[in-house]
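Below are the structure tokens for one structure; questions will follow.
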Amino acid sequence: MDILPTILRINHAGKVALWIGFGVFTAVSILLFALSLTVPAQKRTFFYFGLLINVMGALNYYKMASGDGSVLVLQGERYASGNPEHIFVVREVFRQHYIDWAVVATLNMFQMGLLAGMSWVNIGFLLLTNEAVVQTGWVAALESNQTRKFVWWGFSWIFVAAVAYIVLIIGRRDVKAQAPRVGILYNLLALGATVLLAAYPVNLLFAEGLGLSSVGTEQIAYTIFDILAKAGFGTTLAFVDKLTDGEYTLADLPESWVQPRSKIAAVQLPGPDNL
Amino acid sequence: MDILPTILRINHAGKVALWIGFGVFTAVSILLFALSLTVPAQKRTFFYFGLLINVMGALNYYKMASGDGSVLVLQGERYASGNPEHIFVVREVFRQHYIDWAVVATLNMFQMGLLAGMSWVNIGFLLLTNEAVVQTGWVAALESNQTRKFVWWGFSWIFVAAVAYIVLIIGRRDVKAQAPRVGILYNLLALGATVLLAAYPVNLLFAEGLGLSSVGTEQIAYTIFDILAKAGFGTTLAFVDKLTDGEYTLADLPESWVQPRSKIAAVQLPGPDNL
Amino acid sequence: MDILPTILRINHAGKVALWIGFGVFTAVSILLFALSLTVPAQKRTFFYFGLLINVMGALNYYKMASGDGSVLVLQGERYASGNPEHIFVVREVFRQHYIDWAVVATLNMFQMGLLAGMSWVNIGFLLLTNEAVVQTGWVAALESNQTRKFVWWGFSWIFVAAVAYIVLIIGRRDVKAQAPRVGILYNLLALGATVLLAAYPVNLLFAEGLGLSSVGTEQIAYTIFDILAKAGFGTTLAFVDKLTDGEYTLADLPESWVQPRSKIAAVQLPGPDNL
């Protein structure tokens, strides 16, 4: 007996969510660009990060909302979409998300590391383990074989745990050496970032993993998470000076990075010889 | 009624152009390597960039000239190739170009930023906006849907405008603080680079966009642009000392970058502690 | 007369080899992590590199061993697998290796450059030429056309020669300015690294190139080479202090990289202004 595949595709609500994501990231990009002009050049680090994150978010969400950026993944015979019996499932997976997160999640975590004031080596570990969460999730989402899908999903939790350790234990310890208001802001954002990071693989579990949520529901959830991570996080950090009463200075750009190099003809590429 | 697709592929002239590109980039690679040995190690920055750009150009052009590096893109029913009626078009698109440009165009623009002496932050913006021109053009070229193709092409012009602003307004302002001959050279190259950058999406418009030019004509145009950008630009900057009477020094490499580190056993990785 | 394709796939022995690779890299990752805690933070450079290399090795080998990470490449009518006549061959090629090597081989060579104490510019050349060996081999392995396959394979040897020159001539010259025991260690590893690097394209020649070795034999060979390069190299360098009597200090991390930045509120991003 032949089994006809059930093709699970995004629905109208899911598409609307992706278009809303595009609109929000475009608006926040313009907002952050305008706001960045109101502060001195050396104070714009977080504006630049937020701008980069939201512009890339806008482009990637346009791609998905307009109908690109997904692949159909054979998932074999399984339960899905509330069907009482096994059906042969082909599911639309928006892989464009992973291209987006592979770059953008790293930038977000770099901001967390800067805010905490953790060591450069720990920032390095934070970025690498965070990147590993994205990469292992990427493999899990596009995997046809259920066993391997869950193994990769399990791998991603190892790296989620490592990120949580760095953000919640090391970051919260290191931020204590800064002004109290920086600590309050960091502790709030650190908790939010960790919960948010863990929400992504949970969404993956219910969607591609167990097949309990539809493609549309999955995309609505990812869009909400991304709006919090890109737009919410970006605009919050744009007001870091107001939120910490100007007591956070670890992300100030050196004068030499924002000034034209040609003003002093003797300046060369950076390095110990140029001191 | 079935419609047979018309497959638009590269012609003999286009293939010859790609082989010429391979030959030119190979020759210029060898030339720049030989020339680099005639100047002190600290003066070789632009030779190294030119070498990297032309070696990568040679490899990527070999790939395309030898018959790889392209995909067939369904373009649907449309006007193409001077046919008076709508035909169903499948077009050969050389995506290898975009792999090439994604790396090489960034290196080229980095040289423009160094020559102008603009701030490191502005160099960062120049590289990111320039990369965005390549990435949005890449999506446009491989897109099957005409509407989306033109939206992505439109996005690429936003970033072309940003690059033009940085190169022509910021760069020309900053270079004024250097010796006059550096300014003359920069202003010439900046104008050339901007016109050349804009020529790529125009070529895309007539080729994949409107279907007015054949795949062969498109590749001849890209080859000419690339020879100007890689070989022309590279050899010009190799003579930056002669062209500016030795008055351009912003790209000199620090002594510590060109000397073995082992000569002083106490030197460690770069960082504030090693001063 | 129709010709049925012969599909050459990995055998049981090859799969066992990939699983052994996964096990070894997982074990060495745990070992290096545990060992790193026994030395001061500034002395952990090589532990971090080794950890990164082996964790990525473990993930990539899991992917291949579990049945992913390969593509079927049409190789046309040719001799293969000891068959006396031409057969039409489709061969399984594990492209996941190239994703692995593209990142990991660079990290390995960076360690060689650090150990030799060669200049940063020469380390740059070493990493770029080594990356070119991987990229050209990648194209060769996935190429269907025999002529082009051998041209790309030939390209890779040009870059192998460049790497050998940098490692064996420049590196061995520069290491002489360090303590004798560093020189002895470097010379041994440099010879091993060069022989090992050359072994990869030789394996490619007998496998995808001439079709003399089976997919299983090919994977057994790659696994042995990778265990030497990742696990062997990594554990050796973890004992660099014991092996050189503490006389090698060029890879010590600056104090400012391993200390929280928040302890001194005045510290900013690195750059000449922060001195």
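Points to keep in mind about this one:
Think of it as A, B and C in the order they're written, each chain with its own count starting at 1.
Keep this in mind: a residue touches a chain if its C-beta (ideal position, glycine included) is under 8 Å from a C-beta of that chain, and two chains touch if they have at least 3 such contacts.
In this text, all values refer to a predicted model and were calculated from it rather than measured experimentally.
The touch graph of these protein chains is complete, with an edge between every pair of chains. Because chain B and chain C carry the same sequence, their contact can be compared by residue number, and under half of the numbers here are used by both.
Mean C-alpha position of chain B lies 30 Å from that of chain C.
Looking at chain C, one finds that residues 253, 256-257, 270, 274-275 touch two or more other chains.
On the chain C side of its complex with chain A, the touching residues are 41, 44, 48, 52, 55, 59, 62-63, 66-68, 253, 256-263, 265-275.
Listing the residues of chain A that touch chain C in their complex gives 45, 116-122, 124, 128, 132, 136, 139, 143, 145, 148, 151, 155, 173-179, 247, 249-257, 270, 274-275.
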